[in-house]
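Chain nomenclature is as follows: A, B, C and D, assigned in order of appearance, with residue numbering initiated at 1 for each chain independently.
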Amino acid sequence: MNFSGVFSPIPTPFDDRDGVDTARLKAALAKWVATPLSGFVVLGSNGEAALMDDFECDQAIVAARDAVPRDKAFIVGTGRESTQAAIKATKRAAEHGADAVLVRTPGFFKSQMTNDVFVRHYTAVADASPVPVLLYNFTAVTGVNLQPAAVARLATHPNIVGMKESGGDVAQVADLVSLTPPGFAVLAGSAATLYPMMCVGAVGGILALANALPEPCVRLFELARAGKHDEALALQRELVPVARLLGAMHGVPGLKAALNLLGYDVGVPRPPLLPLSESIVPALREALAHFEEMPA
Amino acid sequence: MNFSGVFSPIPTPFDDRDGVDTARLKAALAKWVATPLSGFVVLGSNGEAALMDDFECDQAIVAARDAVPRDKAFIVGTGRESTQAAIKATKRAAEHGADAVLVRTPGFFKSQMTNDVFVRHYTAVADASPVPVLLYNFTAVTGVNLQPAAVARLATHPNIVGMKESGGDVAQVADLVSLTPPGFAVLAGSAATLYPMMCVGAVGGILALANALPEPCVRLFELARAGKHDEALALQRELVPVARLLGAMHGVPGLKAALNLLGYDVGVPRPPLLPLSESIVPALREALAHFEEMPA
Amino acid sequence: MNFSGVFSPIPTPFDDRDGVDTARLKAALAKWVATPLSGFVVLGSNGEAALMDDFECDQAIVAARDAVPRDKAFIVGTGRESTQAAIKATKRAAEHGADAVLVRTPGFFKSQMTNDVFVRHYTAVADASPVPVLLYNFTAVTGVNLQPAAVARLATHPNIVGMKESGGDVAQVADLVSLTPPGFAVLAGSAATLYPMMCVGAVGGILALANALPEPCVRLFELARAGKHDEALALQRELVPVARLLGAMHGVPGLKAALNLLGYDVGVPRPPLLPLSESIVPALREALAHFEEMPA
Amino acid sequence: MNFSGVFSPIPTPFDDRDGVDTARLKAALAKWVATPLSGFVVLGSNGEAALMDDFECDQAIVAARDAVPRDKAFIVGTGRESTQAAIKATKRAAEHGADAVLVRTPGFFKSQMTNDVFVRHYTAVADASPVPVLLYNFTAVTGVNLQPAAVARLATHPNIVGMKESGGDVAQVADLVSLTPPGFAVLAGSAATLYPMMCVGAVGGILALANALPEPCVRLFELARAGKHDEALALQRELVPVARLLGAMHGVPGLKAALNLLGYDVGVPRPPLLPLSESIVPALREALAHFEEMPA
């Protein structure tokens, strides 16, 4: 299993009764699998997994697994606050066909989350997991930082194969790459940082924007991998504003609104999240239109 | 139902297989119900609810309800990230005999947590709840702040009867009290702030320290309520250091270690939390010993 | 010298050429000295000292000293980033007649500002100062926290007589009071927190609001000191909103706008600070009008 | 004047009486001017300008100007909290021969520092400055962020020619480059981020590490500029740990200790800064030794 490439953390559509809408999930995936994306993450932050219960998580995994062909990576988000819950979610995901799991750090008990705590937590998950484990650091959401020193220790575990780093601190990513073995896959967490993160050794990204603009994101990856730096830089600059609109600025409401504009029919976020304010939609439409006209 | 008084957010004992230990939970409660505490919160932050699944939550509620007499308030923590999950947990708690629920703010999607989002979330929960709802703001854990302006709007709901504020900002508590009707119960979230919070209008507290030192905490409350300010101040000062040891500094590991020292047999925290480092225990023992010798 | 009471950190008027306007400074002080305030701080944060050079500081000190009678405390802000500059400013202030100095923590090199660094800095200043020294912690501005443990060490210095704590964390103030000797004067840094801070042992405050509403601030102090807690609480609640308007929300621009409304003629802030937006003035006027009608 | 390249923000040596030691400053510069560095910044953050008065600043400028040949850029840090002080410092620096000034954002009155305030401040400085102005954003120190939207407005000023961005957020740098005209020079603020920042369009850096390791830093710049990405990446990775040691971890004490080890004789930091703890020196020595053996 190769974790180099561009992966999209897909959203979860909900139906009129606020349940998981597996039909719309499959319909959206049918479109995504036709793109050059390397694979998919279900139940990531953008999948609103934090708002779903275990049964709903299983529904989403089973439906998505059904829709993703074997030549695309199928990754499931299984981070939980307790070690035992993360292990259970990981085992369930593997039973349902996950190729790998993406395990966000716990963060509720912030003052207790030392390097040692993280090493024990992830070691226990990786020991128990039937499939490879990807670490996941998302400080802006969790309020804790999985430091390179802890990752260096974890990267020696045979079942821990990589990491998604959603922070923008490129020096931390350079550190991560330096402190981990060559095969350890460091993945960028935002299209706004993909190219510079690849410059310091990231091998791809799990990018919310890749749901909306898969071709440009994959093109950026290919340009960076091929060492076509001038073209990569030009494309990176074009992607930064729209990546910010769908990411840091408007989050899941922005992502779902963008996808609906592009014909993906993914509905609205689950409460307490509100749909994107109508006043933002024109700016979103304009930002996306720019890329629709670009050659693939 | 009167929410004035001192309530303890009880810890959840786990057994050797890392399951909920209802026997030890009942045994500990049997001791606590003999104290002058006004009531109990199960499944709060200190109850490690963030580390438990729905079934385990039900186990803890049922066992605790069994052990708490009707003349003590029995409050259940039912905060969840999604509105529908918070409603389900609230209804279950009510079915199992909760007198009220304590609902922590969602906080995962931080940038989206506006006043409007909080008002919709809590209004939906309160509309659906068979029992009174207490709001719960814990910025240090959630990374979001339930502002007085939002609370002012929510306090007009007939089923929202009060709030626990775990932050130390006494001006915010003064604001809360000013902006809410007289019967709205503002409760301090730490024994380190109980007396000054009562000075600006809080009517009690939900205090981790009250698990370990119920009498001194209740005495502080009584002194403050009776307007015996000099004595209250003297006792408040004595309580600040030990409140910090069990609270901000060592969290659940500190609380459970303290209770084990005092004979409560509540075991160790659930992983990824680690037991309190042995090197801290002597300081904890000394801080507690000071109060054991004090007259009740 | 007794540092119990209410002190106002006076603003510095600037003239049309953006120089210190000593005439207007004296005129404003002539009004303030007729109020029941216990004394004044020149060149505090609200005095825009951070925007003034040493010569201008001397101008302001000399003019203010001239206008303040000997029965009011005359305190000068002399905090600087370097120890030697803080010492020089302190000596100059003493030469010009300061009764005491208020020395804000350095904070530029945040990661280096350990307890030891603070203890050395303040010890050197206090050793060199001809007048008593008040410590000053203002984390929201400096980004560093002068912790109670460091204050406890400094409070043993015979020339360090008290501290202004501008943070809202009432537990930290309770800690400060507990860890320092009885004569050490802890002063609140905001009218929004004066009463609860006094409940835990503060002996007064240095309050921006006291420039605009000296009588209500002094009345609150007197009520708290006399143990008239119900009345203190009622007045504290009334003062919180206007204290926030002039403090955390609108800063120096808000304070100067309020004073101009009240007839103090203190002009506009020095650039880069902008005058208060006109759109805020009506709310400010209304908040102040409430107190004009109150009995003194 | 071309601001592409590697510049070092030189430290200021102090003598036994804690005065500016111009002789040692010149001696150190005599060594630095023989390196391939493109130029020097005096009175930057690393120059401890925050701890110096105006007269001392003049001393340092005059001494350094004397030691820097005309074919190296000679840049002076002139950021001040007030607009008028920044203008005065800028004019003095120009009179003393500065080729350009580097103007850190004000940050004391954090809540008032809006985009409009920054635009007015820098426009006033640039209007008055006889020499080109470089903006300087250092959020970790100032607590405020000079956002790309404000920089975009300022970059149209004919006398504002570039910016030093000391944050590690590579997406913000990509934004800066996208929103400013081609000739606007964006410079990295840390050797830990130089290569990835150049990947997104930075044209060089002002790097504390360049004081200690000028050749490796310049080599990294040259590799990045020449599009030798594999070699640049390899060198970047080697530099990250030592850049962190001298930068975020140990600040000016770390930088001065490193330079003393390398024979530069720059003395110790000015109080309240303490010299680097002796316990850190061996790690510093080892980190530096690695590069001494590398081919230049």
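FYI, a contact is a pair of C-beta atoms (placed from the backbone, for glycine too) under 8 Å apart; a residue touches a chain by one contact, two chains touch by 3 or more.
Owing to the predicted nature of the structure, the values given are computational and were not obtained by experimental measurement.
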Checklist outcome for this item: Touching both chain C and chain D we find none
Checklist outcome for this item: Farthest CA centroid from chain B: chain D
Checklist entry - Approximately how many whole Å separate the CA-defined centres of chain B and chain D? => result 49
Item to check | Cα-centroid distance, chain A relative to chain B, in whole angstrom | outcome: 35
Checklist entry - So which bits of chain D are touching at least two other chains? => result none
Item to check | All chain pairs that touch each other | outcome: A-B, A-D, B-C, C-D
Checklist outcome for this item: Counting only contacts in the complex, chain B reaches chain C at residues 168-172, 174-175, 177-178, 190, 192-193, 195-197, 199-201, 227, 229, 233, 236-237, 240-241, 243-244
Item to check | chain A - residues contacting chain B, complex | outcome: 18, 45, 50-54, 81-85, 106, 108-113, 116-118, 120-121, 124, 140-141, 143, 248-249, 251-253, 270-274
